[in-house]
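Across the two complexes that follow, chain A remains constant while its partner is chain B and subsequently chain C.
Moving on to the complex of A and B:
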């Protein structure tokens, strides 16, 4: 088991390293002068030259990349003529726009994205696993047909449409909920939940469809296994067979998918955050792309990539823990 | 595929009423999109003319009249804020949506075929490298990368082409995986082995022996890719990174609608309805094509899309990543 985990971790580190190379090369070799972008629209050539020197943009690309790596591991200093700005490890550089370290920007927005992702996860697991189990139990009936249809619509509907419809019904028509604006959990837990209810629901409706299908498939597969047949032969009631035994066998893929999805979402649920105006990592990325703030874009892509890769490893390990047959192969 | 098999496929396809309905909807949509300029002219409208007299400037630009200003002149009302004709804009939006989604699908299929064949037919080492590479790329969050890529491309690069390329370049992994697996399996078949022993180079083997047999699985998979690509295009446009105004796009209309949903619900419902109907029709038709081409396959819409117990979670959970 430990060996399996270590192998997966080693693979993940290699992937992360390759990711930094690819992202760095892609974004800094790309057309457009980073110094000009960093300086802003009203800069004379002299100022641009100053910026270029400060950001070491005239150094060879490899040197730049090594400094970038060094910053990631040990932190680095940026001198702007008079003052020296220290950027702690893991340093992803400074934002062109505000001059703030990218890590700080990411840190500020992480609580928003985390609130959104974790709350939505609770909802989608309840909804998805419930629906999946129900349709596995009632297979062949009307219930299953209805659920299949709903699941299909759920997966096909982009999250911004679901979100807009929810806004129309609950904000504009019924006026039950406020137009979401983020309130930190530490400030007012009740307002926090109240404001996030619509974004959570929108995300959960989309995701739960996927989970419903996975749970259904996985449950049916488990139900076909020998030990279940034995339980039935011993006269264990069907309800108990499903909820106690089949569900346990059906859960490992669901757990693994949850870990993967959370990883993706920590990189920012861009569409949801943009629609509901939540100041999370996704919104940061969309904004940075519009104003071409390259260090922030690189930072978000690397951060997201790292989250996804780590989530993949966590998913594999959880899967192996839940289903020991996997680690043996 | 022999004519007889082809007939069987058609029959199985026609038996599924949902598939027939979807095909009809899509056919109508394609015709409408193709005839957009004609139909707009017939309605006496075009997608870019502002109609200041049809919106209530005192209320911020809400269309005058009920249901978003539906009238004899403007069959589906006008856009809030600008008064542009909705009927024309929706039609032109369909063009963008279909053009980009189908273009991107073509790019995905071509790259997927090339990489998959190279990995399947090439040296063991090449296969290892290509497969790992594909695996790494496939694990990354596509929408994030797509958005970031649009940041580094010069502003004067044509947007629709950029979208086709970005969506295409980021979505070929599934195709290449399928092609590689089929190629490896077919390498052992007699006619392929004979061609290889007879001295045919890999290109000739690929074209003469493999491609005909790869058509069915690739077409099936491509049909599943289209609705996903439509959603990605709409998502990018929703984020303001799609086609540039004044070009009409459903996603971009929905993005503007976030400001108008209180005052003008029609402005949400119309583009959302178009988008949903298109995506659903493609999804249902894609699934039907799959089951018709290979009756042993069960409908994906019913059961999960994969065996839940394939071992590694990444495989077990590698359902098409939803855009969040």
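Moving on to the complex of A and C:
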């Protein structure tokens, strides 16, 4: 299994390398002058030229790219005319806008995104696996039809609609919850949870529909298997048959999908973060794209890519751990 | 007899089934109803063994399930009364039923792989079932009981193996584990539904012997459901022959098998291929003396897997097939017979060795050079369900190889396909029907017609009849014999069933662990086997005579 993981991660490095090439190439065909944008609206051509030289934007594309790669592997120095700023490996460059290293920016934002993703995951698993299991057991009945309808509504409604509705009802009308603003977990766990409750719910409602359907389908599949018949024929209670045997058989695909979804979400839930004003990675990306802050965009895309690829490997390994009949080769 | 006597007699019975009927409704309320069991009555005294035999669709498994009312909640309509170990099964509430299931009557199912939960250790599953019936037993004691019963059914190193999951057990070990699960609760009745059908013949003999010993030890009654008359012969006291949901014949096992009264029973017995007699199927074997060599394999070898986990499926096998000859390949699962068969028609590439067809080395030919020879080497597959494309009509399935061979004139291709369908005994008017509309035997006929389409010289048949009932099996073997005689085909006949191979083959090769351990004319190999493995195989084949069967069991016990 270790060998398998190493091989997969090796493949992941190749994917990430190709990703840097693609992102770099894309941004150089995009319109707009980064130097002008970095300098601000009141700059004269001379100042813009200075900025361009400082940011190495006048160097050929290939040179810039190679410097970027060098920074990633070994770190690099940036001179701002008077002082020299060292950026440790893995260095993703400096933001054109603020001059801060991109890794630092990402590091600041990661706790926000992680809080959002992990909390939402707990909610969507409870909601999704719960409704999925219930609709599998009440197959063909009214309960199932209602649950299926609700999950359909959940998937079909975009997060900015659900989110806005939640905000209006719970913050503006009922005033049960504060308008969300991020409070770090280390500062005040209670406030952290209260403030994140709505974003979690909005995300979970969207995601849980998928999990409900998956759980329902794979529980029904397991219930039709021969070993379920064995335990029924040996007088095991229907409740134990379902919770101990059917649900256990239904879990491996759910676990694998969770790992994949978490990976994607670490790249930032752009809509949710923007809507609820959470300073996460998704919000950072949206902002950087708007001002063409190339190093930040490359950094975020690379980080997201890494998270997704690693999540894929983790999903496979978790699946194999959950179902020992699967051999990883 | 007074009514009190009658009720006492009824209470003494282990199983009492009166006028049982089971109806399944296909496709909801408006769908058609299938009467699986129709007015069946029988009884079983404590400690006795009853065999229910019949072909697929006779309703025998439905009866077994009805004894534990496993039909409850499935939508099937059940009529009549069923009493098992003093419980009126159909009137019992959930609690009573749960106490009966496993506690007083335990069931062992056909497929031991899918009958155990793949996610839990085998010992834990047995312990769970044990605790259902003995809630006062602690978890630890239940585990100990699981190890004890696993030991009893012959699992070596039971304390350690109890922690294994089902996929780490072989087929025979899994069936032993299921028997252990049944044993754990000390039931008075064991219901075994095709307990050995998925197993190799030597493993089957071991499981049947174990079943016999367990009954002698615990005094439990047995209801054995099987399609195999040979299995019944050595294991039960009485036989009930079923057909279309009704009892055809019911009597002592010796009488029914030796002097059957009903025509259907006679028919069934006549269709069973015998391993100890000259073949009953006429025309199956060709005339000897054809000596032109058609296909010759020398030192054929096939490996699978990567560098680290390499397995050799076929190991230095040499085999000759002459014109018009049938060569039988027998062996147990994993012996490499299918791999060898596929290499003979170049569906698989040999790792080493040479393969000569009419003197030409075809072992290393590329796809393009092989194309003209491909049509002369064809294959018939085991599973007629999965080897036909369900989305293509049977006529199209037969026409496909004709088109692949370059048939451009569509009217002619269709005409030829119809001829082939007729040749294998199917109505050409069924050209546009789909595989699911046909029975297993008919589908296998389609498979044979498709293999005949390119005009082959050699047909490799890989377990062509093992998925079929005995009467259908006999018909397909008859057809193969006819085709071979009329078309002068050579056959390589692969099967795990020694009797089937004997009935059709001129020469037989016995395979084990990727090698041929014995080869020779059929009569010699079966009559005077020299290799101990062949002898063991032949001794394990169930025979139809209960007395001979008992003698053989005694022999196996002393060996």
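As a working rule, the second predicted complex is superposed on the first by the 321 of 329 C-alpha atoms of A that agree within 3 Å, B and C clash if a C-alpha of one lies under 4 Å from a C-alpha of the other, contacts with A are read in each partner's own complex, and residues count from 1 in each chain.
In the analysis below, a contact is a pair of C-beta atoms (placed from the backbone, for glycine too) under 8 Å apart; a residue touches a chain by one contact, two chains touch by 3 or more.
All figures in this text were calculated on a predicted structure; none of them were measured in a lab.
Bringing the complexes onto one copy of chain A puts chain B beside chain C with no clash. When the shared chain is aligned, no partner comes close enough to touch A:47: not chain B, not chain C. Once the two complexes are overlaid on the shared chain, A:304 sits against chain B while remaining clear of chain C. Once the two complexes are laid over each other on the shared chain, residue contacts for A:235 go to chain C alone; chain B is not touched.
Look at A:227: by the touch rule set out above, it reaches chain C but stays clear of chain B.
Of the two partner chains placed by the overlay, only chain C lies in contact with A:324; chain B stays clear of it. Legend: residue contacts after superposition of the two complexes on their common chain; A:245 is shown touching chain C, with no touch to chain B. Seen from the CA centre of chain A, chain B and chain C lie at an angle of 80° in the overlaid model, rounded to the nearest 10. Counted by residues of chain A touched, the larger count belongs to B, out of chain B and chain C. By the touch criterion defined above, A:97 reaches neither chain B nor chain C. Between chain B and chain C in the chain A overlay, the least Cα distance found is 6 Å.
Comparing which residues of chain A touch chain B with which touch chain C, the overlap comprises 323, 329. Residues 15, 18-19, 26-27, 30-32, 148, 151-153, 155-161, 164-165, 167-168, 171-172, 203, 206-207, 210, 213-214, 216-218, 220-221, 250, 252-253, 256-257, 259-260, 264-265, 267-272, 274-275, 285-286, 288-290, 292, 294, 297, 300-301, 304-305, 308-309, 312, 315-316, 318-319, 323, 326, 329 of chain A touch chain B in their complex. Listed in rising order, the residues of chain C touching chain A in the complex are 68, 70, 97-103, 106-107, 109, 111, 114-120, 128-129, 132-133, 165, 167, 178, 181, 185, 306.
Listed in rising order, the residues of chain B touching chain A in the complex are 136, 139-141, 143-145, 147-154, 227, 231, 234-235, 238-241, 251, 254-255, 257-258, 261-262, 265, 268, 272, 275-276, 279-280, 283-284, 301-309, 311-314, 316-317, 319, 321-324. Of all residues in chain A, those touching chain C in their complex are 225-227, 229-237, 240, 244-245, 248-249, 323-325, 329.
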